[in-house]
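Quick heads-up: structures coming right below.
Next come two complexes built around chain A: one with chain B, the other with chain C.
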Partner chain A sequence: MGKTLAEKILASHTNDGKASAGEIVEARVDLLMVHEVLGSRILPILDEMNFKKVWNPNRVLVVNDHWAPASDINSAEIHRRNRNFVKEQGITNFCDVDCGISHQVLPERGLVVPGALIVGSDSHSTTYGAFNAFSTGLAATDSALILATGEIWFRVPETLKIVVDDEIPDRVMSKDLILKIINDLGPDGANYQSMEFHGSTIDAMSVGERMTMCNMTVEAGAKCAPMPINQDVKFWMEDYAPRKKWKEVSVDADAEYVDELRYNLSDDPLEPTVAPPDLPTNGKPVSEVAGVPIDQAFIGSCTNGRIGDLLVAAEILKGKKVRDGVRLIITPASKATYMEALERGIIKILMDAGGIVTNSTCGACVGGHLGVLGAGEVCISSTNRNFRGRMGHHNSRIYLGSPATVAASALKGVITDPRSV
Partner chain B sequence: MGRKYKIAVLPGDGIGREVIPEAVKVLNEAASQTGLKPEIHEFECGGQYYLKHEREWSEEAEEFTKNEADAILLGGIGGVDQSGNIVRLPDGNLAGYSIVIGLRQELELYANVRPVKLYHGVPTPLADKGPSDIDMIIVRENTEGLYIPARGRVSEPDRELAFDLRLITAKGSERVTRFAFDLAMNRNGAPVDKQRRVTCVDKSNLLAGCKLFRESFDRVSTEFREVSKDYAYVDAWTLLVLRRPEFYDVVVAPNEFGDIISDLGGAIQGGLGVAPSGNIGETHGMFEPVHGSAPDIAGTGQANPVAAILSSAMMLDWLGTKHNDAKATQAAEVIRCAVESVLHEGQDRTVDLCRGRWQNVKPASTQEVGVAVVKRITR
Partner chain C sequence: MSKDFGNISGRAWVFGNNINTDQIIQGQYLTLLDYDEMAKHTFEIPRPVFASKVKENDIVVAGNNFGGGSSREEAPKVLKHSGIGCVVAESFARIFYRNSFNVGLPLLIIPNVGKLVKDGKTVTIDLWKGTLTIKGDGDVIHGNPLPERMVEILRAGGAVPWFKKHS
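Showing the complex of A and B:
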């Protein structure tokens, strides 16, 4: 019997080299990413465990990204504890508040390679699936165990195969595609499954577009989302991890899947998709929600704050002005993204149009700072979650869309089809 | 013109009669600062009243409290007669039972809300923990569980036994857990990680009622995906909260467990002298300091009015949210800030708080603390 990507990658990290869906295996983790959860919740667990030394200081990435720089005393204390831990343990990979969002800085540092097994303390750690890796988010206790031992157990997930073919039209983005797919699945439609994407559409995507897709699989409950490798990932590896050795993991032709979804974009063209409150799986064609007045438009986050996203927004906003009364906030996914956007003149275009460009952080997406919503306010956002209260007041409302839809909506003051501006 | 609120004020017995006047003074001062117009209707009730009138309260008081009042501020119930015995009704219940317990049922005050917040200037028994670690709210189901009046006793020559029926309904569990999640949405999360969190404290590994309670909790939690779900068995929770109080944001529990753990909360926030509470339902709200009538210190002027004053702030907060009235919310904030400053400054405090760093402070009387809070508002 052939193996899926999830089975193959997990198998290569077990002692006996085996992993089949449904089995419990113990696996060696290649890299653990921890953010503020380290300082707030993992450290007390380590204390109880009588922890002395991290299993391998070169295989841990610590990131201060959620409230960067610290927004209040609590977050400052968490950051301080993280810095102390990094120093004490001699951890070599540390991104302090000046770096950006974990899911962007980890690949930028060349810390993910095809075939890797990566665990993060953040639920959106499925993002690294874009690089042909098995990656997933685990909570504080599991993260603490990995810090101490470098190992963790998994139930090997079943795999859901999703095949997408043909072209995504202009001003429609991979965000629209994943919003549509998770709408078809529902909030627990892929619970604990590996979502494995195939097809010419996925193959043609940039690394950034692929990361958006894998990032949001967790909103349908997915455990991980390893993708087959493509040309753009190979280029990325040359640029960002030139000295690393890696081997592409390919899927067996006779691999066993729990189900298969097919999308043919020439038969059924993809529309810009917007997810109204309060679930990311609420996606519907933009035409059904167009005209909803907005107070804030947000472009950023580990989902859609990358250079390609800022570029699309800049194309739409160039030489125009954001509607009076609307706040457009742009938070680049990393410092590197910010710098590139600066050099390419993108930041100027966004600011000329009336946008507020913040430093890189999770910030507004988690209701942390730099764009928190007040009572009754409506935000169109390129982020991943529109749960009630996510970005601020519990009576605020969040609509999720692509950066193109957010930019177009900022211009009109109402939710707008980006193909119409 | 601000909205007029009719407040039923029921000082009750013992120190209730000493702390409530201070709370009313503070309330009036905060109201006049913010332009709020509370109408105070004060009635006698409880054990002392029963001794004189053979009723727990007057018909007028009962009628007004149940039907007219926008909110109820209660002191403490439990009087003693001349020989020092607790005044009881013919059925053996405390005189005043139908007010302090009965109103919970009659007015469906299903959520007993107990903020556990450590203020600067208040000593906590937990070493190494401070105000930035202790800020949670315990929500106790208030109308069912082990405390429903379905109990009995069998006395026969060869055996003697007693039983209490514990009744838990899906409806009762859902409304109180929804209350807890709503509360969490309005807060800034747990001190440790700023994550909004509701902890379900029960004994669902053993008890059928707790299983239903937890199922209801799970069902309601799906409406609040931004709030993290957490569980603890009640025995374990008592240990966990002493070790890591900073992990907890909102805690919800069935009636009797909630009763017990909220007193633990009272201890870690520095004692019952600073522990306010609310009994809240869909339409009515009754607010009272947790300490009760404390006959042992009644009349000595030692009672700490802070719990009663903070209870009046909770009352205003609730009125403000319910009627979307910014003035009431603002008045609540004015009271809390004044209390915070008085506690932080440290000079005006009753004897229960003259411990630790403050052991050399000369204890102030109930009235002196009330005056200090009022002054702080006027200043």
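Showing the complex of A and C:
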């Protein structure tokens, strides 16, 4: 029987070269990413373990991204601890508060290559699946064990195959597609599973568009989302990881799947999709929620804060003004994204339209800072979660949409179809 | 290993489906470095009275997909810190499932349990038999046996002592 991408990549990281769905395997991790959870939770666990040295200081990325720069004394203390740990352990990959969001800076530093096994102390670590890698989120204790040994056990996931064909229309984005797919699956529709995307739509996507898709698979419960490689990933590797050796992983024709979903965008054209509170899987066509008044419009996060996202927003906002009484907040996914947007004049367009551009951080998405919501406020957001209280007060409400939908809504002051502006 | 997982008895706190980790402990409290402080905010959004009323060995009972969302290990940690003896649900999100055993908080999967147990009832869990008994009713509800790896980790007292034994 053939193997899925998840099985193949995991198998290449075990001692006996084997991994089949349902089995428990011990696997060698290529890279561990940890953020503030290092200083707050992992270090005390390492003390308990009598930890001395990280297994390989070149295979760890430490990022201060969630509350960057420090939003309060506690986060400042966590950042301080992380800096000390990086120094003591001689960790070579460190992104301090000036750098950006982990899921964006990790690929920018060339730290993900096709076929890699990557673990992050963050649920959205599924994002690196866009690069033909197996990547998943674990938490503090498992991260501590990996720091000490470079190994961890996995239950090899079953795989759900999703095939998407044909073109995404203008002003409709990969965010709309993933919101639709996870709506079909439900919040646990892919629990414990690998989501494996195929088809001409996925193959034609940019790296950024693919990252958005893989990022949000966790909202349907997925463990990982390794995609087959495409041309844009190969270009990315030439640009960002020119000296790294890698080999693409392709799926076997007779691989075994638990289920298969098919989408044909010619037969059933994709529309802008918005997920009303309080679940990311609540997605529905924008027409069903159009007209809902908003207080804040947010573009940013590991889901949709990349250059392509800012560009789409700038196209919609160019020469126009955000509606009075609405805050448009833009948080680029990384410093590199911010710099590129500056050089291309995107930042000026966004600010001329009335937008507030912040430094790169997880910030508002986790209700941390730079865009926290007050009681009763409504936000249309390009982020990944609309759980109650996620971005601030427990009575605030979050609608998830694409950067195009967020920009169009900022102009009108109500949730708006981006094709109508 | 002092805890008797064969007999965990306490008040049932019953929740619905899709209780995510933001509902267990909100993101705004994650920078708190002291679990005593953090645990005061457990279930603050869905059940504001929980933190002040919960007692040692109480049981959380929920519908499906308990613990989805953020990977934060603080979620099972604050439950354990609050005294919760076991979480019983119809299904669990994968990261929460793993994190709970890692920190020594037992979980049990029982089909339909969210509909069978009323909030406030006293229930008893036998983790090794995979059963929940409702006091007064005498009903014994059977769940799924724990996977072998999770039993190993739990018997060791969590993933760190388990690791020490195996390294």
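By our rule, the second predicted complex is superposed on the first by the 421 of 421 C-alpha atoms of A that agree within 3 Å, B and C clash if a C-alpha of one lies under 4 Å from a C-alpha of the other, contacts with A are read in each partner's own complex, and residues count from 1 in each chain.
Note that in this section a residue touches a chain if its C-beta (ideal position, glycine included) is under 8 Å from a C-beta of that chain, and two chains touch if they have at least 3 such contacts.
The structure displayed is predicted, hence computed values, not measured ones.
Because the two structures share chain A, they can be overlaid on it, and in that overlay chain B clashes with chain C.
By the touch criterion defined above, A:D142 reaches chain C but does not reach chain B. Of the two partner chains placed by the overlay, chain B and chain C both lie in contact with A:H394. Set side by side, chain B and chain C differ in how many residues of chain A they touch, and the one touching more is C. Of the two partner chains placed by superposition, chain B and chain C are both touched by A:S40. In the superposition on chain A, contact of A:S121 is made with chain C only, not with chain B. In the overlay built on the shared chain, the residue A:F235 is in contact with neither chain B nor chain C.
When both complexes are overlaid on chain A, the residue A:S75 reaches chain B and chain C alike. Stretch 42-50 is the one among 42-50, 96-104 or 150-158 where chain C clashes with chain B after the superposition on chain A. Across the two superposed structures, the residue set of chain A contacted by chain B and also by chain C is 36-37, 40-41, 67, 74-75, 77-78, 279, 368, 385, 387-390, 394. Interface residues of chain A, counted against chain C in their complex, comprise 24, 36-37, 40-41, 45, 48-49, 66-67, 71-72, 74-75, 77-78, 121-123, 137-142, 144-145, 148-149, 153, 155, 187-188, 191-192, 221, 223, 279, 366-368, 385, 387-390, 392, 394. Contacts from chain A toward chain B in the complex involve residues 36-37, 40-41, 44, 67, 73-75, 77-78, 278-279, 368, 385, 387-390, 394.
On the chain B side of its complex with chain A, the touching residues are 132, 182, 185-186, 191-194, 196, 223-227, 244, 247.
Per the touch definition, chain C reaches chain A in the complex via residues 18, 20, 22-23, 26-28, 30-33, 44-45, 64-65, 68-74, 91, 93-95, 98-99, 102-103, 149, 158-160, 163-164, 167.
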